[in-house]
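Presented below are the structures under discussion, each in the form of structure tokens.
You will see subunit A twice below: alongside subunit B first, and alongside subunit C after that.
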Partner chain A sequence: MKIYLLDDLQHLQAHLAQDYQFHQVVTNNNGQYHWQQLASDETQPLVHDKPQSSAKGFFFAEQESLLVFNGEYFQETLPTPKPFVLFGVQSCDLTAIHYQDKFFKDDRYYQARRQQCLLVGLDCINPCEHGFCPTVNAGPGVREEHADIVLHPLGHKWLVIEQTSKAAEALQALALIETHWHYLTQRDLTLHQCEQKFPDDKYITDGIKKLNSGTITDEFWQTLAIQCRGCSGCTTLCPTCSCYGTRAIKQDNNAFSQQRFWDSCLYEGFQREASFNNPSAEAGTRVERFWQHKFADEFFTEFSRHSCVGCGRCEQTCPGVIGVHSVMKRITKEGGQENGPEVTHA
Partner chain B sequence: MLSHIPDCIELVDYIDDGEQARHYLFRLLNLAHSKNKNHPHHWQQVQPGQFFMLNVPSIGEAPFTFTEPPNERGEFKAFIRQMGQVTSTLFSMQRGAILGARGPFGRGWPLDKIVNHNTLIIAGGCGLAPLVTLIDKLTNNSPDKPTDKLANKAKNKQQLILVYGARNKAAQMLTPERARWQKQIKIFNTLDATDEYTSTNANTRANTSDNTRANNSNELRATTVQGSPLMILPTALSTFTRPPTTALLCGPELMMSSAATYLTEHGMTSDAIFLALERRMHCALGLCGHCYIKHQYVCKSGPTFSWQALQQLKAD
Partner chain C sequence: MANKLINAICPFCGVGCGIALSVDEKGKLIGVEPQPSHPISQGKLCDKGWSTAYAITDKNRLTQPLKRINHQFFPISWQEALVSIAEELTQIIEYSGANSVGVISSARATNEDNYAAQKFARAVLKTNNIDHCARICHSPTVAGLKQSLGSGAMTNSAKDIFDTDLIMVFGADPTENHSILGGHIMQAHLNGCKLIVIDPRKIRLAKLAPLHLQLKLGSNIALINAMLHVIIKEKWYDKDFIDQRCEGFEHLAKHVENITPISVEAITGLKATDIYQAAKQYSQAKRAMIFYGMGITQYMSGTNNVISLANLALICGHIGKPGTGVNPLRGQNNVQGACDMGCLPNVYPGYQNVDDEKAHEKFSNAWHTELAKAPGLTSLGMTKGALSGEFRALILFGEDPVVTDPDQNHVKSSLKNLDLLVVAELTLTETAKLADFVLPAASFAEKEGTFTNCERRVQKLNQVIAPVGQAKGDWQWLQALAKQMGSEQLNWSNSQDVFNEMTSLTPPYQAMNYQKLEDNYGLQWPCTDDSPKGTAILHSTSFPIGKARLIAVNHSDIDEMPDENFPLQLTTNRLHFHYGCGSMTRNSPLLEREIPPGILFINPIDANKLNISHQDAVSVKSRRGYLETRAIVTNDVPVGLVSMPYHFKEAPSNQLTNTAQDPITKMPELKACAVMVAALAKGQIPKTIEQLQQEPKHENLFT
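Right, the complex of A and B next:
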């Protein structure tokens, strides 16, 4: 690891934009934040606010072709992206990428994109609306191994932390001068102060415990599910949701491509079989599945963490008001017995 | 790396058997058959109960079980019922059509708990299909008979009884297989319908005059009783000279859970009962999420599960 002090962030942006397709969060005319590719000669100020969508679509495409069948044989259609940089990814979304890296470790399509990407992380120094990243160990500071480069704001300057060999290669031509390690202590202090600013969310840790206690009744999930409209807003915006469907698309030359596209476990037909047997026909079953996937300890065992990264986008988008904060409060109050077994993680 | 890319297969032939169901014969094209017996091709390592993803290029993929695993020429069989878009398109395809297949996938039946163990098999409708290669092996009807050590090992050392239930005559499937097995193992056929099992004409399919099929049906008719598989279970269990130590179930989930409950109430342990589950699948690689049961995916952890494991999953 090497650390540098940077006076002008544009210097770094312009440099990286020369060698990479450059993506950064920008503000649109409606005041919303979203990822956008910038031209190599264009720089925009770094946005500290959470983008509406996470960065998952850069690697796990919303829809993509897996193969083409030309009538005689099947041909893989792997993406061939040019090297690109995601500049200013916040810690929650980086944690999600780290999670997806494990889930899709053997997926050639995901990896073809992921391996071309330079991740530049951005420490959050203030809580965001609905966010609770410290509670689920996903922020506000960028975790080690989650980004190639970490940016930390120091007043009018920037601390630049080079974490990987890929980062070293990207920064080499800039000839930055290493700075004092005490800036890392200052970073730790700032991040600690940021953590203290998050509102009390004990109901989330209590909700996780209760969700893993096996005491939540089917009736609770059914009642909760009355408010689920099956709109897929939460699964679309959740940075660790990765369910997909497949379909065949006829092409002009009578060939067929097989595509995969983002799907949602909250759709009524998600598990419905051709025979119309449907293991999750009940909305409560589907809603339970979604929250189990986010907080069940069984997934913790496989991924060394829960899949929820505390971004709060589900709370922000759910028209039925059953995002993470609402659900965890209700689980804590109504979800079953008060004292489930102790949970080892969380 | 996991592969989404199917191998090309040819639709070689098919025969009708039962209600909108067919035996399909496929052939893997360009099968790079390994001459090295220490490193056989993955298609030649199919275990009974495993499945493959059939790709109908204009529609998509769906999972099916093997009723005969690929031989050295790459030929394999599957029993397929016309149900949704993939199978409807398949049923409209002519011999010689080119399709795709990926596999084999999943965990098959637990052979170490079956071979040399008295085994009760309960199947419903086309749920018998995932058991075909297993019963063939155990009864020495496997096409790879000369080298089938499993069959030789099992021979005369175990008692195998099959209970096969169907809604009605038309829903009875895999008639040639049951007729073949009947010469070696006890089979109880049950029909839910009350007015068909005694009918002298009911066993002859309206759309076929095949004599062999009619003979097979006549043989099976003699062992067919009215009722559900559950109703015949006391009789089936009492037929064993020594109680079964393993039970294999495949069919509608309600039938399987009812049968598993009955068997545990009558002395079998839940880790000796195995079920093969059916789920919608889009990848068979543990990625698409469609086949989840709690935190597990049927395509990887199944499709066969012990009753104990399933109960544990539901309790989690």
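Right, the complex of A and C next:
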């Protein structure tokens, strides 16, 4: 690991934009934050706001062709992206990428894109709306191994932390001057202060405990699921949701292409079999399954963490008022009361 | 990943959510996001909204004009299409007069498109034969509220949902049809707002509401009259409001004097105590809002149903203030706008009557041409006229009446009888298949313009991508056709020009312009020099007709009651996964997977009697048609009632529905008819309507 001090971030942006396709979070005229590719001669100030859509689509495409069949033989359609940089990815989304790296370890389409990417992380020094990353060990500071380069704001300067050999290669020509390690202590202090600024969310830790205690009743999930319309908003915006479906699209003259697209486990049809048998026919079962996938200990073992990264996007986008905060509050208040004393910290 | 994110307005229902479309470097639409700061949707979308990219990037999109020769379509150039259409139209008008031709415009197209369509009908074709699908959704709202209040639109705003003490949802299923507003209602209820649901089906909100009045089909007026009776008898009405703002109270009070809750128990199927409770809660709430939908309007008594609701709100003084009002939930993204634009046979833009001498003169002068004086034909009038041969040529865009209008077989044979049918569409819909000429239309993402949502908010729509192939926006091809017919009436250079001409003639839109719409997330009409920032709440100091009218109305039975041969009642509903005829939503592999092509909801007791299990293939027959579909066995419908969504061309509920009409608005009674349901052999796959129609044994049913 090497650490540098940088006065002018533009310097780094311009440098990377020469060697990589350069993507950064920008804002449109309505104050909406989103990832956008910038031209190599265009730099924009780094924004600290959470983009509504995470970076998962860079690797796990919303719609992509997997193969084509021309009537005689199959041909894989692996993507061949040029090297690209994601500049300023926040810790929650980096944690999610790290999680998906494991999930898609053997997925050649995902990996073809992932290998080409240089991740430049950005420490958050203020909590965001609905965010609770410290509670689920996903922020606000960028975790080791989650990014090639980490940026940490120091007033008018930037701390640049080079974490990987890929980063060393990318920064080499820039001839940055290494700086003192005490800046890392200062970083830790700032991140610690930021953690203190998050609102009390004991209902989330309590909710996770309760979810894993096996005491939540089916009735609770069924009542909650009346509010779920399977809109797919939560699964679309969730940076770790990775369900997909596939379909064959007929082309002219008997050829077809096999397409994969983002799916959602909250759709009734997601697990329905051709015989109409469905292990999760009830909305309650689907909603329960979704939250189990986010917080159940059985998945913790496999991925060494819960899949929820605390970004809070589901809370913002759920039209049925059952995003993570709403659900966890209700779990602690109502879920499975008869099996134990009610927890009332919400 | 996205290269650009461009704001747009969701093209589905009348809520008007803010969406942002992401486009890749090749200009291809790849995804959609909500707009987090949008005043209505606040960063949320429903499943339809999330699937927008699929909706319009269909590989079956029409890319060039088509001409039908016998049973086959052949691609032709725009020039060839325009020349042929113009020639035929001119000839038909010459031989049979301007009243033999007409236009059906689209509640899914922009205000600019709709303004152009009615101007094309009136100033180029010289007829008031212009209509659109509001006929079969909210024409009773326009007629009923106009009589009672003087204006036929939602009186309040979406934001009032969070600013009220009680919400009464009456004959509407907002979580499915207006999902985002439905979500707001759920949220308000979770926050403590009271919720009353009145619906024959156990809709999603009914499962959350402490009070659900599960009334019998078509008994709305009986119920409301009984509620009025209770409120008047218990003196829970707002005397000051009635004295100052209403007329006709004594007559109304006398009318409902003997309509006690007990007296309507049999008609409504409700307990008198529940009726009393609903009356008490609604009238006693400090602020109370009514939301209603097709469960009020799609009856022969549609207009009177609307009038009843207005009576209820008026005597309680629940109107003209925040968190109150009579609020129709409009079905399509721009059905409010299409009405506002005068795509109705009896009114010019801004609801100025065509038979009013002053209005006639105003528009004749503005357009420098003599206009027809007599009101024109409604869409059902046009199909009827087509059958008898008096009506000969129809130009139609963005609608699929073959799937969405009542009595499908009747619609099909009348459209086939036309000498000229021109359809502009995104894809080859069931209606387009009958056309002589099919024109490729640009989708909402491919054009600029405005949509007006159900709370009267006029919102700016930006062009996001280039039109596919040779597709054109509706006002653009109408302009080209007018030119071909030798008329300069539609010679605008861009959509802003169209908008500006429209605002100059449409008083409620008077003070609007594109820039102001962009700057304010849209503006709610009336937006005039007196109210330049628009109007969130109508009727706050007075009604357009001075005092509101309390009008006494009577319960009337539905047209077709169940009997021995057709023992079950059929009603229609919508699914949140789909929209209209499904031509957009069914392109999503996800939404399409959710529901098999066509379903029938049936109560377990009825299903058991008929030996029908969940997902079994069943046949449904009415006096007008026959279809096959799959059964969904559910307690959401009561015993004796079955329900079908109308989105599926394979099993169109409109094979079965009744054409009996509201005498005032010609609204067909889509919400109630009698049917017979039977199980098909186990393992049999339901046949689509197309397959059935090719079978000789059913031939007699389809001729």
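To be clear about the criterion, the second predicted complex is superposed on the first by the 333 of 346 C-alpha atoms of A that agree within 3 Å, B and C clash if a C-alpha of one lies under 4 Å from a C-alpha of the other, contacts with A are read in each partner's own complex, and residues count from 1 in each chain.
Heads up, the rule we're going with is that a contact is a pair of C-beta atoms (placed from the backbone, for glycine too) under 8 Å apart; a residue touches a chain by one contact, two chains touch by 3 or more.
Predicted, not measured: the structure shown is a model, and the values here were computed from it.
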| item | value |
| --- | --- |
| Subunit C versus subunit B on the shared subunit A, clash or fit after superposition | fit |
| First, second, both or neither for A:C231, with subunit B first and subunit C second | second |
| Partner chain(s) touched by A:S65 [first = subunit B, second = subunit C, both, neither] | neither |
| Partner chain(s) touched by A:A274 [first = subunit B, second = subunit C, both, neither] | first |
| Subunit B versus subunit C as contact partner of A:D263, first or second or both or neither | both |
| Touched partner set for A:R247, first subunit B, second subunit C, both or neither | both |
| Touched partner set for A:F299, first subunit B, second subunit C, both or neither | first |
| Geometry of the superposed three-chain model: angle at subunit A (Cα centres of subunit B and subunit C, steps of 10 degrees) | 80 |
| First (subunit B), second (subunit C), both or neither touched by A:Q37 | second |
| Touching partner for A:T285 - first (subunit B), second (subunit C), both, neither | neither |
| Smallest distance from any CA atom of subunit C to any CA atom of subunit B, in Å, after fitting | 9 |
| Intersection of the subunit A residues that touch subunit B with those that touch subunit C | 245, 247, 263, 272 |
| Residue ranges of subunit C touching subunit A (in the complex, touch as defined) | 1-7, 18, 20, 22, 25, 30-31, 33-37, 43-47, 49-50, 59, 175-176, 179-180, 182-183, 186-187, 190, 204, 207-208, 576-577, 589-590, 593-594, 614-615 |
| Of all residues in subunit A, those that touch subunit B in their complex | 66-67, 69, 71-76, 103-104, 106-109, 111, 214, 242-248, 250, 256, 258, 260, 263, 265, 270-275, 277, 279, 289, 292-293, 296, 298-299, 302 |
| Residues of subunit A that touch subunit C when the two form their complex | 23, 28-32, 34-37, 52-53, 55, 57-58, 62-63, 226-227, 229-233, 236, 245, 247, 249, 261, 263-264, 267-269, 272, 276, 316-321 |
| Residues on subunit B engaged by subunit A in the complex (per definition of touch) | 1-8, 55-62, 83-87, 98, 100, 252-253, 278-280, 282-283, 285, 287-295, 315-316 |
